[in-house]
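The same chain A turns up in both complexes below, where it pairs with chain B and then with chain C.
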Partner chain A sequence: MIDYEALLAQKPYGMTQPEKDAFYREAIEDLSKHHAANCTEYAKIYRQFGAGFALPVRLFKLKELKSVPADQVRRTMTSSGTSGQAVSRIFLDADTAARQTKVLSRIVGDFLGQGRRPMLILDSSAVLKNRTMFSARGAGILGFSIFGSGAKYALDENMELNVPLLEEFCRKNENTPVLLFGFTFMVWQHFILKLKEQGLHLKLNGVLIHGGGWKKLTELAVDNDTYKQEIREWTGIDTVLNYYGMVEQTGSIFMECPCGRLHASIFSDVDIIDPVTMEKKSSGRGLIRCTSLLPTSYPGHVLLTEDEGELTGIDDCPCGRKGKTFKIYGRLAGAEIRGCSDTYEKR
Partner chain B sequence: MIRMKNAEYLIGNAEIEKSPIPTFSEDACNLLRSYEAAIRRDREARAFPDVIAVGYWCRNANIQSKKEAFGNTAGCVGRGLAFHITPGNIPVNFMFSYLFSLLAGNANIVRIPSKPFPQIGILLRILKQCLSDFPEIEKRTAFVSYPSSEDAITAEFCKEADVRVIWGGDETVRRIRAMEAKPRCIDIAFADRFSVAVLSGSAVENATDAELARLAHAFYNDTYLMDQNACSSPRLCLWTDESKTGKARFWNAVYLEARKRYQLQGALAVDKYTRLCEDVMDRDDLAGVLRMGNLLHVVTLSEVPQALSSLEGKGGYFYECALTELSQLARFLDSRVQTVGYFGMDAAAIRDAVVSLHLTGADRIVPIGSAMDIDSDWDGFDLIHTMSRRIVAN
Partner chain C sequence: MTNLEKYDNAFMEVLQLDASALNDELVYESVETWDSVGHMMLMAALEEAFDIMMETEDILVFESYPKGKEILSEKYDVAF
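What follows is the complex of A and B.
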């Protein structure tokens, strides 16, 4: 099996793609065998199609897939579907959960450096209180909270700006780099637009990390550049890092570097798939297939998403990080809607 | 009077004349004759084989043979006003629904599909031109468009109708049936139906390459052409005198045909892929899987299934199994089965099996390639007879 300790000790973006390919061939073979031996449903897929066959992410909404006995499941993660929508159910044992936290820390640490920063969560303080809302959204907030100290919530229980809190946060951290975290659409809808509405300019410096999908913003014709520009104008934050991730592969997220490319770390990989042939494409648009080395408690190591993307390079990003880079075009037209902030409905 | 906002009349208006005319009236036959000629001459129509097929159906020889098959038309008239709720997934069937009812002798209000198929505009434009020469029919014709959510409009039309032609699914049929209608109103309801194909393995094995290519093309037209989403598209292929070579030749030819002509949408590609994983995980009767890219998936079942409802392939996703004797059709062939396509088989033998086994399903046993060919005998109804009445005068 994979030596996770050794992997965690490596630089998260230090492996060139040829090295990584060789390593992954064996790792995916091993992981597939592990899941085939421990998950009855996956075993049938393995017998029929062999190792590394991608499961469609939607399958986790339709079936309960786990590779550990039920009594070893420590936490069940769900995607944040609203009523009426099926939600994914992802079963984590202690090992997978711990691995996710460590890997997230390694990946994000590569962008933020060591040490914790004062942190502002651009979401409602109610998210973690309300158990029914504790889902991918809550898990994301908890996951990223390890990079901050004394996290504060920018929005009150009614999703409105907590202005006194914001003013105090700015005053306290006038000269300290801070960390802002939130979900792409909610940051826009409930934070940036509200700051604009109230004519409130914040004076902060530091980093904003956000993820969860662009679907609703695409509908509003807001692209990544506009988004960054507005963040800079209204908060002073000039490093805005998007990430691509999903509850089915928590931890091994794909971070956007300052050059604007999404990066696969040594913990995961990405391929672009032609939906008609199901073969890998080396150029052009296609379905995103994500490979993660992390999941051992559920067979989510190779997943076919319903998102469209395109490779932007291999081992050649000016930021110096090795491996594949890519960009996202968003959810496939006509495919069912999923994702974090994407399924959030304004009450 | 039927007048509602949100209802847009593409032909006719709310002051429609609701009285019947004779069955196979001279006017109606002449209108169809001029419609056929106009479609044939229309530049825009040529791009759409299904529009051409509507014109072809209207040709005089066909109408005369329908009339002959109908029998004595003396004393036969329409039932009055027919209200048609036409299928949303097939671009031209709304027009066939109208034509059958017109020949039966009815006045017609046709709700057209809400999907903006270009065929609709073409067919209506040409019909409108032709109607101006036939005022008695023109005043008995209305084509109307409104959102399917507007139940109030549908309810109004239902109250006036003597015949309701409800192109399903089951859900639509239930919804419309719940709406008030005249006590004498008759409903022709097209429910959700499933279809199959029966192929002789040895016939496929022994077919020439040219015959095989024709068969694959025909099968393509029955299936991929409508994303396999039509009631008459087969979801299950049954092989008599099974031949490994025959099956391999067939699917390979279908794959080549699909690769040449089919545009698989991304969303449907993901649906198919997900379905495949589910089948592999869930089906105890799964005996094998054939994957040709993502264009063609064939799931082989170990035996003839008990029902077709769980075999829900779309966009090039088929099930197959061996059929060692025709009596095994009885396992699944209930009233939900509509079309049995065949190749290398004797249609009469299949028909006789359905009859002698006392089965409630299978309304059409047609060669592969003809599954979509709609006609006035459809879904188990002789539509012209059903939509008309005969006045007995002794």
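What follows is the complex of A and C.
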């Protein structure tokens, strides 16, 4: 099996693609064997299609896929689908959960450094109320909380701006770099638009990390550049880093570097698949296939997403990070409408 | 209040435990309240009690009642 301790000790973006390809061939073979031996549903797929076959993400809504006995499941994570939609259910044992946290820390640490910063969560404190069932939103907030200290929530329980708290936060951290975290659409809808509405300019410096998908913002014709510009104008924050990730592969997220490219770390990889032939493509748009070395308690190591993307380079990003880089165009037309962490329904 | 009292108070208040539960057997996820949410709340309470800011790595390896004391005394000059 994979030596996770050794992997965690390595630089998260230090492996060149040829090295990584060789390492992944063996690792995916091992992981596939492990899941085939411990998950009957996966074993059928493995027998028919072999190691590393990409499971469609929606399979996790239809089947209970786990590779550990039920009594070892510590936490079940769900994608927060809207009512009436089936949700994905991801089963985590202690090892997989701990690994996810450590890997997230290594990846984000590469961008933020080891020191923690005063943190403002651009969401409602109500999100973490139910502690047993974890939505993607709650897990995201909690996962990123390790990079902040004394985290404060910018929104009250009714998703309205907590203005006194924001003013206090700005006053206290006038000269300290801070960390803001939130979900792409909610940051826009419930934070930036509200600041605009109230004509409230915050004076902060530091980093905003956000993820969860652009689906709703694309509908509003807000692109990444506009987003960054508005964040800068209304909060003073000039480093805005987007990430791409999914509840089915929590931890091994793809972070956007300051050059604007999404990066695969040593803990995961990305390929572009032609939706018709199902072959790997070296250029042009296609479906994003994500490989993660993390899951051992459920067979989610190779997944075919419903998102469309394109590779932007291999081992050549000006930021110096090795491996593949890519960009996302959003959900592929015709793909099932799928709940993601930006699904917040207006009450 | 001594440092040990501050340390114990944070555990008792955040994790809703009696003093008798504070021993070497108290580890992450050994009690229902010390889950991942409880963990971040506990870290916040300790940082406030001792006026420190821990590194990310220390938050991750803080996995038991005794281990926490070790981290605080070795890296953050909190003497017990």
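Criterion: the second predicted complex is superposed on the first by the 338 of 347 C-alpha atoms of A that agree within 3 Å, B and C clash if a C-alpha of one lies under 4 Å from a C-alpha of the other, contacts with A are read in each partner's own complex, and residues count from 1 in each chain.
Note that a residue touches a chain if its C-beta (ideal position, glycine included) is under 8 Å from a C-beta of that chain, and two chains touch if they have at least 3 such contacts.
Predicted model only: the values in this text are computed from it and were never measured.
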| item | value |
| --- | --- |
| Which superposed partner A:221 touches (first chain B, second chain C, both, neither) | neither |
| Partner chain(s) touched by A:6 [first = chain B, second = chain C, both, neither] | neither |
| Touched partner set for A:44, first chain B, second chain C, both or neither | first |
| Touching partner for A:70 - first (chain B), second (chain C), both, neither | neither |
| Which of chain B and chain C A:149 touches, first, second, both or neither | second |
| Chain A positions touched by chain B in one structure and by chain C in the second | none |
| Residues of chain C that touch chain A when the two form their complex | 29, 35-37, 40, 44, 47-48, 53-57, 59-60 |
| Touching residues (chain side chain A, partner chain C) in the complex | 74-75, 94, 97, 101-102, 105, 109, 114-116, 128, 131, 142, 145-147, 149-151 |
| Sites on chain A touched by chain B in the complex | 41, 44-45, 48-49, 55-56, 58-59, 62-63, 275-279, 287, 304, 306, 308, 332-335 |
| Complex interface listing, chain B residues touching chain A | 264-270, 273-274, 277-278, 280-281, 289, 291, 293-295 |
